[in-house]
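Look for chain A in each of the two complexes below; its partner is chain B in the first and chain C in the second.
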Partner chain A sequence: MAEFIRNPVVELPDPNPEAHFSEEDLVFTEDEKSRITDWVNQYPTSDGAVMWTLWLAQEKFGFLPPEVLQLVATELSLPYAQVYGVATFYTQYYKEKKGQIVFDVCTCFSCQFCGGYDILAYLEEKLDVKRGHTSACGRYTLQEVECLGACGSAPMMQVDNGPYMHNLTPEKIDTVLASLEAGQSLPFVSITLPQDEDEMGGNRRTDADAEERYLTPPRPRQTQ
Partner chain B sequence: MAVMTKAGDWKSYQRVLLPPVKNLHQLHVYREHGGYETLKKVLTEMEPQDVTAEMKRSSLRGRGGAGFPTGLKWSFMPPVKPDVPRYLCCNADESEPGTFKDRQLREYNPHVLFEGSLVAGDGMSLKACYLYVRGEYADWITHMQKELANAYDSKLVGKNMLGTKHNMDIIIHKGAGAYICGEETSLMESLEGKRAYPRIKPPFPAQSGIWKCPTTINNVETLACAPLILGRGADWFASIGAEKNPGPLLYGISGHVNRPGVYEYPTGMLITDLLEIAGGMRGGKKLKALIPGGASVPVLRADMIEGVTMDIESLREAGSMLGTAGMLFLDEDTDMVAFLRRVAHFYHHESCGQCTPCREGTGWMENLITRIDDGEGNLRDLDLLLDLCDQMEGRTVCALADAAAWPVRNTIKRFREDFERRCRPAVWAVNA
Partner chain C sequence: MSHVTIDGREYEFEGPQSLLQFCLDHEIELPHFCYHPSMSVPANCRQCLVDIGAPVRDRETGEIRLDEQGKPVIQYFPKLQTSCSHIISDGQVVHTARSSKKVEEAQRDTLEFLLINHPLDCPICDQAGHCPLQIQAYKYGPEGSRFEFRKVHKPKKVKLGPRVVLDAERCINCTRCVRFTDEISGSGQLTIIERGVKNYPITPPGGSFDEPYSMNVIDLCPVGALTSVDFRFQARIWEMASTPSITTTNAKGSNCDLWVRDNLVLRITPRANPEVNEFWLPDEDRLTYHRFNENRPLGPSLHGETESASWDSSLQRVTEILKNSGTQTVFIASAYATVEDNWMLIQLAEAVGGQVAGYISHIEPGHGDGWLRTDDRTPNAQGCERLGLAPIDFPLWQARIESGEFQAIYILEDDPVASELCSIESLEDIQVILHYYSTTNQTLPTADVALPAAMVAETIGTYVNESGRAQRVVPAKVIKGMNRTLMMQMGLSRADRHGTPFDRWHNESHYIDCKPSWEIIPILLKALGAKTGPLGPRKIMRLISDTIPAFKGATYGAMDLSGVALPAIETEVIS
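Our next item is the complex of A and B:
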């Protein structure tokens, strides 16, 4: 017990953390303020708008250090503790700085048995970064995530909380990385339902940026 | 030749949730194919209690996992009081591993969901519907916002819908990555802008839901069935598929099959038929295990699926559950210990941490299974795991702890040899 008291296992957060953003940066523009007002009006109280506003703040600042949380709290007239509580509860809100591009590779069971861990290992090697970390150059963050709801097109990943990349293979990852390096944005890919393929000869949406089929995944090697 | 099963003549089944129409997600295409006609009929010709009665008659059971009769749920809403708003939450969180049907439904037919919410709104005299979508589906949120704006512009949603005196809003809420938000009371906490800790029930949402107002929560697919039922009649709906659990069902098939994907068929399909539809096992391998409805439901061994159909009754008899109908087929090379380790990791990661049996139990489960997977486990760890399941089940605020215990208990029970082979022997040979 005494040992525990001398060396508490829990690391307490720094009470006076160094700010990442200066006073001038920490403002919402008029346009952003009106978006926040729109969200607030959708709920009986301003609490409901907290999640949308945190998303906006994360888009703007990249991550959510205490001073940004304080800004959100002030904007919505909520206690800091509540905003902090929400921001720390959900995995998609980043509490620390991430790379410019974040790869969320799904390794939950459908993906696990269709080669999700192979994809993760391939990315680790390719980007020279361990899972759960950011590369030394600060460009890429590689994360292992739970089921993203695209198990039929496993293995898959999400890039920057945005587009899904389905039916991954090492070759496909090379293409994705090349287009990201070239500064291109990734397309929205619509997956064709097997029954649509039979009855309509292809994808039912003619406005999707790209189409793909559910494919038989390659055989997996690793499961962890 | 037509084959007769519980699902009827499924080979000539015509899809209704995802009918074969190009660009059905666009408002004008949806309307050309009879979209929002049911809403008009409901708003102008039907009384609210008739809507709920019709839903009850259809025997629709919720598609979110628990399979609760939808009409009954709607009838739990208390009588209308002036000044007390009433809400609908559409549960579009869909984070159950192995489940991906709701995303496809939203991508290809979002208006049927909007229409379903509005129909429910009339049936229960609601003020607004909150559509809780998980944060990962950012692209689909953008698409839905666009279509929803079109519907607002065409006066299908909002004030004086379709020129009647009815008003109802649909509001999209973006989550941020937490499986627990799929639990109904947790979803309500999240909507209120708090940490998503599930609430103790009672009071049930119908008495005290979001902002303490009467609230109903339904899954995306459940709500999408509502316009079909009210448009074509409860008798038509009840005649599709299995008698006690009727209707169209989206089967999300994944894993080691040749043609994975979302398939729409009646409920009560034979599992063996579905495997054949999905192209059989890839590489000609043999089936080893099947998870019939998402991570939480007990796994079935290949020898347990003969004659089992995909409906609540049949799967219960077989020793599993329908869940979300997200089916994962695993072939003979699958390592069940690695499977269970990943499932345990999932629940440990997603436990909200409110109840001790769940917060600690899921962690110990992961530790123990990891130890077995690494070849360091002892045989008694298996019994310790089963004991842990007993300690967790039914002792927590929400059903996540049960959902974590079921796969552990059943995978160990049904694949015990796989686990025993990985454990150290119980008795060490005495050095002679």
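Our next item is the complex of A and C:
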């Protein structure tokens, strides 16, 4: 966003992009089709299932080029334009090819104050990739994103539209990168509001066990 | 009957209705952009905010609580409401910007937001002059902007399709165009992409906005974001005069406005008529205005000679031909011509003693879409049917014309050669009298006397659409010998009001030397010594509506601008 404020130019999307996938690849399997049907049946119209289906397509194809959006539109019998509109609205649907691992570093207000840009610069240096780009090897994509809603544990980042990494420091980044290099998946860290820390063991999610529990550090009493 | 108080005045209403539409119906102006009566209400422009209060009811008794003066206590909504999405209920009190400072400020602030990234290129914008954003910014907007930063730049002159151009910077994201493609035309070709300051409507990659009704979004657009490829930068709105008319590309008779500058039709826009086309017009109807301006005849011609021919000499020649041929004359009516013209032709045929073959039907199977396009490509086939004329039986009349049975053929505003009723060779030995619109008419080379006829943009007359609705037209263009200011019904642009024929922009060649057929035929009738009957289309139509049951009630007064539904008749199904 900072870049956009300096140079507020919205580019026209390529009107005739080259296809990334061949026609044989552009199919949903029977299993996927039945999952889509289940989603469609949950809603009065098939519009409701568009986000589920886009997510499924992104997991299958890695990203959502126009031909994949067309496939989703055909599958749901929706206008292609509508599916395209939804896909472009959400930044977490990738419209272009990304690296295998995507780092979304928050540089919005709170994270910026707590050193979000330092973390971003450290990652740039460490991965040898500019913000908004994918590394030459195609393994990492580094992105600057707006608020991910975890200001309490700033600075933070999200990896692969998945786990949040909180209270980032260069050392913590090193360990995260090391475990990613080793092929390990990142742990889910539960962050709760201070008033909820004692309830539910500090984990508000019921579908995942927190391997690590974050507690708000005691703050010095404000003095005048 | 329920009551609602708007700005201190009480109004009665019945049934559930939107507050904005109620206000517009009662001539209370509320600024708005995204609301359109025929589409869903997204309430996303936030411009129609009003302050709404409702009487307080006692929780136990359910009665309206009264204050000391005996008036109901009004409790206002904590926030301003969008009047488009608000359904009014009994006893509610509404304050618009006229009676509430809060509303006035809210509307001003909304406009300030809308204008933050708007380029303000009104001096070069096609919409300027009839732009809701411009008008409402003048009336309700702030005096200036407090925004000091660079405006967001978005794609300009994006060709969405073959007929529509997008200027994304001007867009205020009212979504009217997207809702039109989703809800009205059903093509679903447009969408709003991206989010926040980056969003604008566009087609998806590889898509083209090419549906046959695409140009309606240009009229719907409340700013200059969507403009016509054809009309872009052609004229300013105040240079043109608009005249209500109907389209003649098909049998639907959609209502339209013809926009004329210096006697050239520059564009055609829809005119709302809930009985015919609501607010819409197909693209084919809009792009056919060139035929009013181009390839028009220079005057009457005798054997192809225009310079030596005058109206007097040509009509004299026609009289001679008709006198000689007498009963051996065949008359061809026209589904392009008005009811009055065809009726006059029948009178002429009776006076001469010739036969009326019928009208040439121009059916293009598969062209119609069940909405505003029809298979029939003529505007008045139904009018001909109601006059007792039938579509010409091609094999029969081809044979009769070729057999040399007729000495003369009188063709009203049609082209039998192009529609393959007769070949040029078969007409060589027959005297051909032709009323024609355009020099591209293929019968023209063989015509002995060619009389330029006024087109729908130049004549007064009645057309009956496929569902039997009689609609009359008034001239939008003037023809030679006609004065725009004296024709009281014609629209006048600023240039028409204040200009003179000596102005540099004035071009005499745009004034076509033609006559309406209802004016030509009475001259012939008089020369033939027959009764001319009523003169002038208004009187002709009164006689027709009095004497022919199929036209009952179709007087000019009853038709006015929105037409009148005629009694149903049994028509033969054209196979």
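By definition in this document, the second predicted complex is superposed on the first by the 175 of 224 C-alpha atoms of A that agree within 3 Å, B and C clash if a C-alpha of one lies under 4 Å from a C-alpha of the other, contacts with A are read in each partner's own complex, and residues count from 1 in each chain.
Just so we're on the same page, a residue touches a chain if its C-beta (ideal position, glycine included) is under 8 Å from a C-beta of that chain, and two chains touch if they have at least 3 such contacts.
This structure is a prediction, so every number in the text was calculated from the model and none was measured.
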Partner chain in contact with A:Pro163 - chain B first, chain C second, else both or neither: first
Chain B versus chain C as contact partner of A:Gln82, first or second or both or neither: both
If touched residues of chain A are counted for chain B and for chain C, the larger one: B
Which superposed partner A:Ser22 touches (first chain B, second chain C, both, neither): neither
Touched partner set for A:Pro66, first chain B, second chain C, both or neither: second
Which superposed partner A:Cys114 touches (first chain B, second chain C, both, neither): first
Touching partner for A:Leu54 - first (chain B), second (chain C), both, neither: first
Common interface residues of chain A - those touching chain B in one complex and chain C in the other: 78, 82, 85, 89
Interface residues, chain C side, partner chain A - complex: 149-155, 158, 168, 181-182, 187-195, 197-198, 200, 202-207
Residues of chain A touching chain B in the complex: 42-52, 54-55, 78, 82, 85-86, 89-93, 104, 107-110, 112-114, 145-154, 158, 161-164, 188, 190-191, 193-196, 199-200, 204-207, 214, 216-217, 219, 223-224
Complex contacts: residues of chain A adjacent to chain C: 5, 8-17, 66, 69, 78-85, 88-89
Touch list for chain B against partner chain A, complex: 15, 18, 20-26, 85, 94-100, 102-104, 107-108, 134-139, 169, 171, 173-179, 190-196, 211, 252-264, 278-279, 282-283, 291, 295, 326, 328, 330, 334-335, 338-339, 341-343, 346, 349-350, 352, 373
